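Letters A, B, C, D and E mark the chains in the order given here, with residues in each chain numbered from 1 onward.
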């Protein structure tokens, strides 16, 4: 019983560590797209681990937490995709050192 | 500038007045008065573990009826204010909206039924766990909002919306009046058998009334989103 | 805890009133009104708090007489919903005004001044 | 004791977000700040033993209300935030 | 008929989610929620054709979940190793890749997986071309990028949603 509680707390701690890393990444990255990269991955894993930790801590809630994990895994990438897409259409340029922007090139080709 | 200093002085005066009344308050160690009465009677009388639900739906049910009507009036006024000038700027909308991406559309198709069912779950379990008609209605309205975002051309069918809205309102009042006739008072929930604690079908009419409130709040909030969000 | 929550709520209300009275953009005035409402809700909930109180849901875990007061909660529950409807109504009025005048500055709506 | 510290921390964040909402230059940022205020207040409600109210505040205050403000902002083209 | 069956399947799925969520199998509760699920699926279902479920697909799905989870963890350590440097190593750009998947469900799973794996973020999907923001562009050629980003997932998804 006691070991389950410690394990759950540890998993939750690791999850919050990843969430913190995501926050640092959002501050340090140069443009929106790179920020979304750091933000999405870190928050997804961080939230999943936090929920799993709660599920291990309270074994009765494990089913609920697994459902929430699935929900987060579906919605989080969709929302970051929608944000990145909207930013691109709003005309947000990539950061200076970027190599290529195939989407913008193709868009111009469509308009011409 | 002088205006701001004056405003600041007045605000600080009222804040000090408020804080001097409040700062010394001791947290009571025990619940007393009306609240304690409701907490004591809620399970025995109405079989509703969630006391807040019992207060909202039964003990103070007539207030809730009034609040729901205020909500209806606000929704109607908004659609009156924004809906009428529709046809005039047909050309203004020439800047056509970009259709949502396939990923968002498919995602919405998957998620909308789940979110809807979650809203229904919240308002059906209002008497057992935290939740109820208002929260469930908000969740249902947010599912409609997701449909709006995924399908920019999406329009609510106002006929169905109005029918559902008025039907649930009428049913609410009918149940309230039936309580007056068949049980001991207006909106008395002991119209139906109280049932076994912890099941959805228990606590008399509470789940029924909260479902009606949930439908009403959901349709009204969806209507507000529709009239504010659609660019007509 | 009660006084702490009440102080927080009171300060929130003060910030909201400051916004309503000094800002000139209409949407920002409504935002300040929303902050004021939130502070008021916090004060009302704090008024019903009991030391070490549990949520007013009666099950095995709840001790008799140790639950918090359900009445302010019921009032705030409906007040939040009404608040958002009223905010939406105000915003609808603002949209109409904007269509008429093309601005959100409260100073330019001088017809109603007395 | 833990709860009191948590309460004070959240309260400070709340007041900062509220001040930001009133004094920020960009209206969009102010709307987000009001959403943050709603979200943190819902945590305070949970600490004060009001899960029903916390749910309502999180769903309506932080969710729908923010969206309604954003709709109004987009319909008034909102760029001329002529605050001083 | 097929539409009707799809709706029924959706309702059954919703009831299953409800039972897992509450952990209650009491008859009256499940009956009430089944009625609600039927109503919801009657009004809000797009009635897409559900993929047929076979044991092979289930096995591949489980393998895919593990594959994806490993990829997510790798992605997080990738991000972590980038942001702790003094100067973040970046070579970003948007490249296009091609997918062979046709079922909408498979395509959304693919897009989400790409977003969750190291250094890539799906920005736009047009037909079978997928535009991906890549944090460390190795190649701008469409075919090579496809090989690099998509192929690993497509191997599984073609079986699961094929």
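Just so we're on the same page, a contact is a pair of C-beta atoms (placed from the backbone, for glycine too) under 8 Å apart; a residue touches a chain by one contact, two chains touch by 3 or more.
Bear in mind that the values here come from a model prediction, so they are computed numbers and not experimental data.
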Discussion item. Hopping along touching chains only, can you work out the least number of steps from chain B to chain D?
Written reply: 1
Response to the item:
Of B-E and B-C, the pair joined by more C-beta contact pairs is B-C
Fill in: Centroid comparison with chain E (C-alpha atoms), farthest chain
C
Response to the item:
Distance between the CA centroids of chain A and chain B (whole Å) is 31
Discussion item. Measuring centre to centre with CA averages, how many angstrom lie between chain B and chain C?
Written reply: 16
Worksheet item: So what's the Cα centroid distance for chain C and chain E, whole Å?
Response: 40
Worksheet entry | Sites on chain B at which at least two other chains make contact | 50, 52, 101, 103, 107, 110, 114, 130, 132, 134, 138, 221, 224, 228
Worksheet item: Do you know which chain E residues sit against two or more other chains?
Response: 17, 21, 108, 111-112, 122, 124
Response to the item:
By the touch definition above, chain D meets two or more other chains at residues 51-52, 56, 60, 64, 68, 71-72, 75
Item to complete: So, with touch as defined above, which chain pairs make the list?
Response: A-B, A-E, B-C, B-D, B-E, C-D
Worksheet entry | Complex contact set, residues of chain A against chain B | 71, 74-75, 78, 81-82, 85, 89
Discussion item. Help me check something: in the complex, which residues belonging to chain D touch chain C?
Written reply: 3-4, 7-8, 11, 14-15, 18-19, 21-22, 27, 30-31, 34, 37-38, 41, 44-45, 47-53, 56-57, 60-61, 64-65, 68-69, 71-73, 75-76, 78, 80-84
Worksheet item: What residues of chain B sit close enough to touch chain A in their complex?
Response: 98, 100-101, 103-104, 107, 110-111, 114, 149
Practice prompt. Could you please specify the touching residues of chain D with respect to chain B in the complex?
Written response: 51-52, 54-56, 59-60, 63-64, 67-68, 71-72, 75
Worksheet item: Hey, which residues of chain C end up touching chain B in the complex?
Response: 1-3, 6-7, 10-11, 14, 17-18, 21-22, 48-51, 53, 55-59, 64-71, 73-74, 77-78, 80-82, 84-86, 88-89, 91-93, 95-96, 99
